[in-house]
Amino acid sequence: MLDLLWLIPALPLAGFLVLLFAGEKLGKSGVAWVGAGSVGISALIAGLLKWTFLTSPPEGHHFTQALWTWLDVGAFKPEIALYLDPLSLVMTLVVTGVGFLIHLYSVGYMHDDEDYSRFFACMNLFVFAMLILVLADNLLLLYVGWEGVGLCSYLLIGFWYKDPANCKAAQKAFIVTRVGDTAMALGFFLLVTQLGTLQVQDLLERAATRWEPGSGMALATALLLLGGAVGKSGQLPLQTWLPDAMAGPTPVSALIHAATMVTAGVYLIARTYVIYTLAPAAMAAVAVVGALTLLIAGLAAFAQSDIKRVLAYSTISQIGYMFLALGVGAWSAAMFHFMTHAFFKALLFLAAGSVIYALHHEQNIFKMGGIRKQLPLTYRTFLIGASSLAAIPFITSGFYSKDAILYQAFTSEHGHFLLWLAGALGALMTSAYTFRMVFIAFFGEPKTHVHHKPGWVMNFPLLALAFLSTVGGFIELPHFMGHAQFFADFMAPSFAHAAGHAAEAHHGAGLEIGLMVVAMALGLGGIAAAYVLFLAKPEIIEEKMKSEGNRKLHAFLFSGLGFDKLYDTLFVNPYCWIARVNKRDIVDLGYSFLAAVGMLVHFLLGLTVTGRVRWYAAGIAAGCLILMSVMVFT
Amino acid sequence: MTEAQFVALSPLILVGLAALVVMLAASFKRSNGLALGLTLAGFAASLVSLAWAAKVAPVQVTPLILIDRLALFYLGLVFLTGAAVALLGHGYFEKRAGYRDEFYMLLLMATLGAGVLVATTHFAALFIGLELLTISLYALVGYTRTEPRSLEAGLKYLVLATVSTSFLLFGVALLYAELGTMEFGKMVDLIRQGGHRETLVNGAIALVGIGIGFKLALVPLHMWTPDVYEGAPAPVTAFVATVSKGAMTAVLLRLYLLVGGAIPDSVMTLLSVIAILSMFVGNLLALLQDNVKRILAYSSIAHLGYLLVAFIAGGNFAPEAVTYYLIAYMATSLGTFGMVSVISGREREAEELRDYAGLFWRRPFEAGVFAAMLMSLAGIPLTAGFIGKFYLLAAGVDMGAWVLLGSVVINSALGLFYYLRIVASMYAAETSAKPGAAAREVALLGSATLAALALCLIWLGVFPAGLITLIRSAVLGV
Amino acid sequence: MTIAFYVASAVALFATLMVVTRRNPVHAVLYLMVSLLAVAVVFFTLGAHFAAALEVIIYAGAIIVLFVFMIMLLNIGPPPSTRQESLLLTPGIWVGPSALSVLLAGLFLYVILAGGRSVQAGSYVDAKTVGISMFEIYFLGVELASMILLAGLVGAYHLGKRDLPDEAEGGNG
Amino acid sequence: MTSVPMDHGLLLAGLLFAVGLAGVLVRRNILYVLMSLEIMMNSAALAFVVAGARWSQPDGQIVFIFIVTVAAAEVAVGLALVYQMFKRMKTLDADAASLMRG
């Protein structure tokens, strides 16, 4: 059964190839079948594998499938192999499962687009690359997947390339993440040269035995890898690209920029967790990055008017939670939150997409209003997603995963009160901005007319995701609610090495309940505040907005706390200035000199090719003279 | 001749037979399709008989020919390439006036000559195989006799090849005069034992080297390449670039394996200089060329330079590195020149760079395949060319041959420039191309051949291990 | 016989020099024939009688005739074309290449004579031995040589053929 | 039967070779070039015969026969090419036949 593993990435690749070469000829329904079908079958196989893992787990709870040896040159022998363990299995399930639902949704959403097959080709390629990234057994393959998803992200953000703004957004995403990628590549080089293997598991093993805890090498690699993770996952300080990435079609935002690709950073850190356990300082850095990001993104989300940008900032903020969890050593909690987040954030994006679709590409929440009655199903599913995001107690999956993170942030040996506080404040903000969006967009007076209602292909994924967002949390309950930690138990083999470190100090149920109550109170308080400010008494805000200072504050928050401006002044503008000034500088002179030399030599050599056969024969004779002289006289 | 010997020789016999059959058929009915069919049948029969011959290999058939695994492997390569050229030629000559059957006869005979080269262990057979190949090529290069450039190319090739063959012959004569044998193995043994006149033998080896270097178009014996490549009909150019160089490389490889890598340092230095010069001269001459066939001709000079690097720096895995690089080079050259012949129209060949302007928008399939070929020539990952380059670099690092390595790297960058120039022009907007260069109808067989080649290149880039294993068993079987 | 070798050698060298310096192609061809006959004599003195016979029959007989035939066909007789030849042979053209050839000849001289031992080259190998060896050891070579002749035949036939009606003169191929 | 040193035989071959080469390099008339090529091939053949005579082996003469065969085939193709060239370009000047260069 496990031998089917290779099919999971192979099917989307096959889909991509078919769409690439025959997409135009297949017709729309053919494209849809190939595009969604390939991912759907992958999802089924992933489900089968999960079942196998649960019923008869392979030895050591991991499974390596060596496909072929790519090259065999001297000591360089990279295997093309897939590695499946609980960690990669969960990622695979989410990528294929959520991916399939989003593909299905796209069948309806993108139906009127002229580049239908190009869209599905890119989406399939993305799923393939993401699966390679997740299942990679060695760094080489992981890097291929990592760059592959980056490429697909670029292609899909700029999908509607006729609008220059979209292309700009795509470029921004590509360039900003490239900063992180460079750091990560350096980290990889460091790992390979220091530890002498490409295999991820061997690397971790060797790192654990060769590097002292707290050693400089471990710290350096951990920080460099963090750089890559921060770039891909839109964390501070490289978060600026993600809100702009919403320029792509909504299913793309749901799949790539919410559910899967942006969590690649989380996956990377979880995959290489051994290195982080060796470098406590790096772990602290991860936690602090996460805490700061979740606060800053939460603040920024308040001021947005574009529904997708609100969701984008909330994505940044939720990934911040995951980083926080990673930073305090709550590995499985991070992955748990990753999973629930994938469900409810995909749901939110798709539901938002349905609204946008119905309102004819209207994304401004202030122009929506009152659609709760016109699109009841969309409204209900959106509400379920929002509740999960806001962590409404007990009935939503987001509650359980967020609670696990907050609990560990407080109690773990890497945890700290301030980290918990940041998380708790974040919970307050999350529920507030989430319900601000719900109240403004779905309640009140209708402001636009609903053009067309989404059909079943778009509604079914919403229902499926709504279901998952609700029950997805029940597989991992807080300690005091009975020992039902299926998820953590399942993940345990992947983080076996950390088990010794993060031996859970048992704090008793009292503390746990206390923390939970505080978090619950903050979450519900946020909703109440949103209700008061945005639905019941909107005049309070209007009043406040009259003052100059508050307007400036709003503008500041709206711009994502001015990071873009900061980077523009700090990096982009100076760079452009240098580039402008340097147009004819010394470095360039060097290059043009080289080019000129090349051309000169080209020209001179060209003179030797006279076209005269006698001259060519003389060349042979002269060559013979030289060759013989050298051979005879030396 | 024993039965085993006959079986071992059957691939060569069948190709020779095919040439005769095509000739007889032409005397009854002149038909492009029939001749192609017979030619392909001949190649197919030879390829099948390779398996038959493999069962009895290695067999020494008289001192002249040795059918061993190396020979069988290269025979397969040569025959496959010959068949691909025949397929390309069918579409190319279909569009043009004049008799076509002679093309297939000459092609089969040239391939037979190359096959003899591949399997030879004796200088007399080397000479005969070489001449069978070359004389057929004179006629093939000048095949379109109404085109002055084709005639000019044929004459130039004739004069220069004869000069270089004379050098080779004179060298062999001197070696024979001193050593008393023309068999490779015995000669190497005698030279190793010593007791001969060093100067004479060294001078003679240099002369033989001229003959071999000419066929491989290494600097300074490269100057014929661009003119002959440009003037010859495109399918013939593909043949010259692949089969004749591949067969000569096989000879070189056989000699290398016999010598066992015990090559004096001075010779190594000399070869290094030749390799570096070939890379630089080839690439620099290609840099600003506007004629695609000439660009590819110059690039083939550079590629043979890379191949020589594999010989020099390869150490223990030189044979497999050389063979892998050669296969990648042959497949891409076949593809690129094949593309020129498929794209070409009735009146004129599509050889100017501007004939390719906007090709992507007119012929996306062909342009894509062409781009893939060029990427492989440039050594972009996931193509066969990359694996070939990687072999070179790995070998160079292993041996610490930094000068060679540096040259390879610089030249790869130079190469990238002009390969991308072609690719860029294919994506550029269409400009005022000279009329007559664009084919109105697509040669289906040719296009299919090229598609297969492109797939093959990517396959070799992604799954190189299979071929590497095969090569290893072939070169270690010697 | 030794003297015959040196005399024949001298004749061959002289005649060959004349070939490459003549302006009238017919003269050059005749000198070439003399040169080949002289080489045949050299073969004879070296004991290679069979080779000597072949040299006369094939080289002097067949190949030279081909050249003469071509000269007739192209109708490049005396006056106008010899004048043209003079124009093509200005010192500027021949000095450099000749120097190159002289250098190469010098190098050959050095290579052949350096460390020389006087080994005699004059043992009689009769036609029977040659024939036996040719059809026992070299029979594959003979077969292939026949293919070479066939290739030459097909090639020359194709290239020399008159244009077909649909082949445009000077048209591009 | 004779007492000619082998080296002298080779020397003659070498000199003839150089003269032939000079012919190829100097002459612009393509017919002369072809004749010079014959001289070069013939000198190499001579060297083989000399070498064969040294070892009292028939091999030298056999290679000579091969060379003669090749020379005949080559002249046939070469003259056919010359004929076509003369027909289309009305000249035998090899330097004039340089449409391709650079």
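Order as written gives the chain letters A, B, C and D; numbering starts at 1 within each chain.
FYI, contacts are C-beta pairs under 8 Å (C-beta built on N, C-alpha and C of every residue); 3 or more make two chains touch, one makes a residue touch a chain.
It should be emphasised that the depicted structure is a prediction, and the values quoted were computed from it without experimental measurement.
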Hop count on the shortest chain-contact route linking subunit B and subunit D comes to 1
Look at the interfaces A-C and C-D and say which one is made up of more C-beta pairs in contact. C-D
Averaging the CA atoms per chain, pick out the one whose centre lands closest to the mean of every protein CA shown. B
Round to the nearest whole Å and give the separation of the Cα centres of subunit A and subunit C. 77
Just curious, how far off is subunit D from subunit C if you go by their C-alpha centres, in Å? 5
Let me have the rounded angstrom distance from the C-alpha centre of subunit A over to the C-alpha centre of subunit B, please. 48
Distance between the CA centroids of subunit A and subunit D (whole Å) is 73
Give me the residues of subunit A that touch two or more other chains. 606, 609, 611, 613-614, 617-618, 621-622, 624, 628, 632
Got the subunit D residues that touch at least 2 other chains? 6, 10, 14, 17, 20-21, 24-28, 33-34, 50-52, 54, 57, 59-60, 62, 66, 70, 73-74, 77, 81-82, 84, 88, 94, 97-102
Residue ranges of subunit B touching at least 2 other chains are 124, 128, 131, 135, 138-139, 142, 145-146, 148, 154-156, 159, 163, 174, 199, 203, 226-227
Could you classify the connectivity of these chains, where an edge means two chains touch, as line, ring, star, complete or other? complete
Report the residues of subunit D in contact with subunit A in the complex, numbered from low to high. 21, 24-28, 33, 94-95, 97-102
Subunit C touches which residues of subunit A in the complex? 614, 618, 621-622, 624-625, 628-629, 632
Could you list, by residue number, the parts of subunit B that touch subunit D in their complex? 124, 127-128, 131, 135, 138-139, 142, 145-146, 148-149, 151-156, 158-159, 162-163, 165-166, 169-170, 172-174, 176-177, 180, 182, 226-227, 230-231, 289, 294
Can you list the residues on subunit B that touch subunit C in the complex? 9, 16, 19, 23, 61-65, 96-99, 102, 105-106, 109-110, 112-113, 116, 124-125, 128-129, 131-132, 135-136, 138-140, 142-148, 150, 154, 174, 197-200, 203-204, 233, 347-349, 436
Flag every residue of subunit A that touches subunit D in the complex, lowest number first. 606, 609-614, 617-618, 621
